[in-house]
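Here is the structure we will look at, set down as structure tokens.
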Amino acid sequence: MANSKYEYVKREFEFHRHLPASNWIVVRIDGCHFHRFSELHAFEKPNDDRALRLMNACATSMLEKFPDIVIAYGVSDEYSFVFREKTEFYKRRESKNISLCVSYFTIVYGMKWKDFFPNNDLKEPPYFDGRVVCYPNINTIRDYLAWRQVDCHINNQYNTCFWALVKSGKTEKEAHQALKVI
Amino acid sequence: MANSKYEYVKREFEFHRHLPASNWIVVRIDGCHFHRFSELHAFEKPNDDRALRLMNACATSMLEKFPDIVIAYGVSDEYSFVFREKTEFYKRRESKNISLCVSYFTIVYGMKWKDFFPNNDLKEPPYFDGRVVCYPNINTIRDYLAWRQVDCHINNQYNTCFWALVKSGKTEKEAHQALKVI
Amino acid sequence: MANSKYEYVKREFEFHRHLPASNWIVVRIDGCHFHRFSELHAFEKPNDDRALRLMNACATSMLEKFPDIVIAYGVSDEYSFVFREKTEFYKRRESKNISLCVSYFTIVYGMKWKDFFPNNDLKEPPYFDGRVVCYPNINTIRDYLAWRQVDCHINNQYNTCFWALVKSGKTEKEAHQALKVI
Amino acid sequence: MANSKYEYVKREFEFHRHLPASNWIVVRIDGCHFHRFSELHAFEKPNDDRALRLMNACATSMLEKFPDIVIAYGVSDEYSFVFREKTEFYKRRESKNISLCVSYFTIVYGMKWKDFFPNNDLKEPPYFDGRVVCYPNINTIRDYLAWRQVDCHINNQYNTCFWALVKSGKTEKEAHQALKVI
């Protein structure tokens, strides 16, 4: 607005990238240092029902807030949001897509925390990273979701075994050793 | 991890951009729909002291959390964070820089809200967008900060006059009219 | 190879962009300052048969050299080359795609020149710019080709009328005036 | 121009990247399959004086044609062109910078070939790839040139020894073996 001699810093250095049209847009959000965060807040292992329901509640808020999201899929402390192929969400500007999604998800996580952990105050701020990826057709977006689903299954299988061993008396190191792929 | 046939969706479509070395990195955060948010939460006009101090408190947390930030400057509902020229913050990956900063700022805003607005519950989630810009030397980064400062001054001057007129009995439309550049 | 202390200049500043998979890749080549070049070499107006056949001969060489090109379409001093959706041409690296296509086209243009203009030495070097665009599906690539075709038709129609007027005795300025859209 | 319903293919898919201001721009050109090309045209080993002088002549033409190039440095079949920090060459559009440089270099190489190889017709088209890299200050651009110079020295030293061994009667395989770093 201020039309000063300094405005060149925007014009000459600040570039916007637009995501190409006719591509499904995935914004994937992932908890940052959630290993530590989950210990600090005494999450149950291998799966904390309250934590998973909180993630799902945040995802539900996302779908209500951003109607161009057509499907969402979550695993552990990550969630993928798929925007429909033709979305014009913030003119498909990449940094807007990443930042608004991760910001909204994060604040809802904070605001809903006490609904799921009523006796458990936040000891440090939970926060997330985000990235955006474009998929050009229905097959590749289907395979994206299959990829996350396989990853969920493998990790969950491993974690279930790992924590069963730990609960049965093994140390974490021994449990890792026992489950190592030979 | 799962090494499935679906992993190509990552390899062939998910690209990381790295910010070039020897550049100062600015992450600028900006409130989304804060005009509405400030009305909903009855911010005082032209400047709400509590809201500005909350922004500053969030910025302080950012500097404690991310020591590679060397200076931060805020105006209204925006804040710029300057990472030092040589930072290796998340290997200078662009989407990590944007998303982690905006996510952390947002959650701290939510968690500190009640410290500054003790009698004023959050009626809707505050959230922010973010972007990242690189500046190659000390002159351009200085001019970047001067640009934001000029913008702050101009907007503040306008808002001070605008709200003075409104408080003196003019409608918002009349106040805008009176301040129009001829 | 030399593993010197200077190699950081590559690692920290030289980034490769890969074109996303499952997209048709278009490399479009366009003559640089060909208005001047065509005058200097006395191209016939509105269409110089020798010049068009030379462009086509270069395009034919391109298809022989780069078998991943599935279709090519040319207009005046430009040519579009469509690489098949699944091509792994130079691992889909953007700068390789642009530069190798434009370089090969240019050298063939130079080497074949005397076949089409036997009595007409090159007075200055002909050269071309290039760009690359990705299209995610068959509809958008079809529309891309339709776009170039419409452009060809419109320009050709205009040029045919323009040069007919000039040959009938009008100045170039008068001809432009006569054909102006009101 | 044609304002047809197909123009969306440009607007929605064709994006221009601008190189950031206040950076030195390097365009580096490199011969494609020049190992084969140099054998086919019987280049002398380790260094063919005619071929090197042809590369230098092309570089000289580049500097005359594009006055924003401030220094150029060549090694074997590659050449680096450094545009001055403030250049507005084609508005710093990346694809224009790469393609016009590589195209002009290539055509001059073809046109000047017979000046340096008068008895040696081109048996196949010589062509080059190109890339662009930005360096934010005088130290990094200096180190870029030092990097290429070290690379030149190391390769030249190796090639000089290698071809001395070959000329003394060893096979190429034996020569490689003899020079292997232990």
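Each chain gets a letter, A, B, C and D, in the order it is written, and its residues are counted from 1.
Assume a residue touches a chain if its C-beta (ideal position, glycine included) is under 8 Å from a C-beta of that chain, and two chains touch if they have at least 3 such contacts.
These numbers were taken from a predicted model, which means no experiment stands behind them.
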| item | value |
| --- | --- |
| Co-neighbours of chain B and chain A - touch as defined | C, D |
| Whole-Å separation of chain centres (CA-atom averages), chain C against chain D | 22 |
| Geometric centre distance via CA averages, chain C-chain B, whole Å | 44 |
| Numbers and ranges of chain A residues touching at least 2 other chains | 8, 13, 20-22, 134, 140 |
| Graph class of chain-chain contacts, one of line, ring, star, complete, other | complete |
| In the complex with chain D, residue positions of chain C that touch it | 1-2, 4, 6-10, 13-14, 29, 32, 61, 95-96, 98-100, 102-104, 106-111, 122, 125-135, 140, 143-144, 146-147, 150-151, 153-155 |
| Of chain C, residues touching chain A in the complex | 20-23, 134, 136-137, 140 |
| In the complex with chain A, residue positions of chain D that touch it | 8, 12-13, 15, 17-18, 20-22 |
